[in-house]
Amino acid sequence: MSIAAFCGSFDPITKGHLDIIERASKMFEEVYVFILSNSNKNSYFSFEQRMHWLEQACAHLENVHCQVQEGLSVEACKSVNATVLVRGIRNTVDFEYEKNIASMNLLLDESIETICLFTRDEYAHCSSSNVKELLKYGKDISRLVPECVAKEISK
Amino acid sequence: MSIAAFCGSFDPITKGHLDIIERASKMFEEVYVFILSNSNKNSYFSFEQRMHWLEQACAHLENVHCQVQEGLSVEACKSVNATVLVRGIRNTVDFEYEKNIASMNLLLDESIETICLFTRDEYAHCSSSNVKELLKYGKDISRLVPECVAKEISK
Amino acid sequence: MSIAAFCGSFDPITKGHLDIIERASKMFEEVYVFILSNSNKNSYFSFEQRMHWLEQACAHLENVHCQVQEGLSVEACKSVNATVLVRGIRNTVDFEYEKNIASMNLLLDESIETICLFTRDEYAHCSSSNVKELLKYGKDISRLVPECVAKEISK
Amino acid sequence: MSIAAFCGSFDPITKGHLDIIERASKMFEEVYVFILSNSNKNSYFSFEQRMHWLEQACAHLENVHCQVQEGLSVEACKSVNATVLVRGIRNTVDFEYEKNIASMNLLLDESIETICLFTRDEYAHCSSSNVKELLKYGKDISRLVPECVAKEISK
Amino acid sequence: MSIAAFCGSFDPITKGHLDIIERASKMFEEVYVFILSNSNKNSYFSFEQRMHWLEQACAHLENVHCQVQEGLSVEACKSVNATVLVRGIRNTVDFEYEKNIASMNLLLDESIETICLFTRDEYAHCSSSNVKELLKYGKDISRLVPECVAKEISK
Amino acid sequence: MSIAAFCGSFDPITKGHLDIIERASKMFEEVYVFILSNSNKNSYFSFEQRMHWLEQACAHLENVHCQVQEGLSVEACKSVNATVLVRGIRNTVDFEYEKNIASMNLLLDESIETICLFTRDEYAHCSSSNVKELLKYGKDISRLVPECVAKEISK
């Protein structure tokens, strides 16, 4: 039985994130989604807000659990006995970035395996950065984020 | 319980292939390794030879099963109830290639998920093409292939 | 008034090709679609068949004209006074390939400009190679090619 | 008749920018060059200075018009009825970046098309960042920027 | 007789840096390693600390000399009559970055040649950024840095 | 004292090749240019023709020597005591290709170091493939190849 983890800032959770979570939830017994409490990049939304949306968006997935991440990703994995770290990759720049992170994580803990899912073409532009860029200009973001997020933000 | 498949020509199996198979065998309940009987690229070694080496190299992995692949990868998956197709990626050229294949496979069968593992740095050069290039010049290939293959070829 | 050209083997025309042609037809006064009579790569479909499908697929676009290409792309452009050569790019491997071709074309004729359109995400996998791969295995290709092509092939 | 837009910080305008503008001016009836008043990245030169150089550098191009950009690129396009957004691409990192922006813009306004021109090899290094790096060390920048800019800066 | 230079922040020196220095020291008569006194990026370790470690790590290489760099890399080269600037490249993102820098340097001084060495696979993850990330979380860095650095930091 | 080697098909030698050879000749005491007698890819020009042009093009470089290559590149290096293998890289696809070859060569002989020079922007399109493509259509190739080659071919 394999347990997987998916770590991120989810600032906010996008349709792209949710798609990866749903796909992982079909492959693994349990999926722990870790949300960084203190991201390096100052977060746009508060931790509480981000966690609230993450939980709402994942509510329909029985084997998905949302948790706070304090330390490194491999430590988060350890804390829930996850042996698989799931990542989404959109393009070659992501690829080079993730390859480095995966090498580092291997160094930290050989028992944790990184796997990559290709971002679905229809979600290629659904990044949190894009959401924030659109919000800055008061634009509609409903096609980028789960319905629950879109509803609350539009208010 | 998830079943995974790993498809290839294995002409011949390399340490890089074996590493991916071993890592997949830890993540999934069963791993089916499919070997193409008629590869597009004319194979260097006969099907029997390639299958023999594959089986020897995987003999220590209880949940790994070697099988012939006749049709498409998604059909091979279906035949053994695999829902996960495992691929190894070394670099950005591989990435673009695999992204296209994964899109195609998704089109053919939405229930089968492609996941990518980063080729370990120490196996980056362990491709079947490199093995064949070295053999062409009568060079030692023992650092590229599993011991059982190296032994037989050196004879 | 600018005239554009779009050159290819169209073996067969895909939804991706058609999308590029439609987008170009909005930007330029006239768009000439050139189909190589003798492609380097032996074509899967006959020239007549490829041309027939191309013409059918573009029939709704008044400013689009289908023509045979015998020589180099820049010569095809010259023959219809096109000053813009349109190309579709899917990924970084395409990018490096097209950049080289564009440099060559510039060398051959400085008056012809190459422009690139990003392949729409939903058509990323709609290449002629993918169509042919699917046909080889008797698979449905209706989501990759224009309706007129899908209908005739399914027969 | 197609109208194109080219947006940037032009901090300062380089020979690379000017080359793209000149090439676009040959392809489209009118080209609007938009200069961001408040770039995300704090600009090195004042808005007035940047606009002054842009106007001087484009003075010989009758169908090119320089304007201030306040909002998003697609809004700038709308304001002048431009349906084509022109971008220059140097390399694969640019490619991945521009692909994302183009997807976003498509989402915001389907009627505006992004086209990419390959940066000419001889201008590959003519970026505003490179100009500023050279200025920081008091180096000659005359090969990177239009003559009018080089003259004023050398003073 | 060729003299080479290798410039960096060395914040701190890693096994990857040292490998490049050792390989360069075999190819060229003299190798000058320049350490930026004031890096753009605020350094994590003091200049004195970085220089101390650099000197210790290179102590066994007779033709390697450590020096302070105040200005541009090409000026550093000039100051010691180096005609070759050595760079290490790990991946395609590095490649695009280094290609730009090399073009710039060529512009500044045509007599100085940039050469690239591929980072050895086993050192692919040995970047200063990775070291600092691990230190932030109190992790062991001994596999990323030369022994002398590891020893002092572990204290 | 370092000796370098540069291996290729030189089918035919281009301005890009010659530029790399000239730059290498400034960095190393001796440069051996090896020309494959039997390339994998069937050569367009005869071995004698390719060697003749190579020798003519390099005649002005005193420390450059042209030789036949029969086996692997590392063996060619060994035969002349070269410890450095020089390669030119144009783009990211080249990069991934060369990285693999360099890993292989390291495996074959640890004492031989691969270095890469960035192809100068003005020679980016000067590949032998491009030359042959142009020749196929009877086009002028004088801007892609050394003068001696252009003269003889134009006859």
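Going by the order they are written in, the chains are A, B, C, D, E and F; count residues from 1 in each one.
Following the convention adopted for this analysis, a residue touches a chain if its C-beta (ideal position, glycine included) is under 8 Å from a C-beta of that chain, and two chains touch if they have at least 3 such contacts.
The structure displayed is predicted, hence computed values, not measured ones.
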Graph distance between chain B and chain E, where chains that touch are linked: 1
Fraction-based call for chain D against chain A, same above half, different below: different
Counterpart interface for B-E, drawn from A-D, D-F or C-D and sharing over half of its contact pairs: D-F
Chain A-chain C separation of Cα centroids, rounded to whole Å: 38
Separation of chain A from chain B, taking each centre as the mean of its C-alpha atoms, in whole Å: 29
Geometric centre distance via CA averages, chain E-chain C, whole Å: 47
Two or more partner chains touched - positions in chain F: 91-93, 96, 99, 103, 121, 124-125
Chain pairs that touch, as defined at the top of this document: A-B, A-C, A-D, A-E, B-C, B-E, B-F, C-D, C-F, D-E, D-F, E-F
Residues of chain F defined as touching chain E within the complex: 2, 23, 26-28, 83-84, 89, 92, 95-96, 98-99, 102-103, 106, 113-118, 120-121
Complex contact set, residues of chain D against chain A: 71-72, 75, 92-93, 96-97, 99-100, 103-104, 107-108
Chain A residues touching chain D - in the complex, by the definition given at the top: 91-93, 124-125, 127, 130, 133-134, 137, 139, 143-144
Partner chain C, residues of chain A touching it in the complex: 91-92, 121-122, 124-125
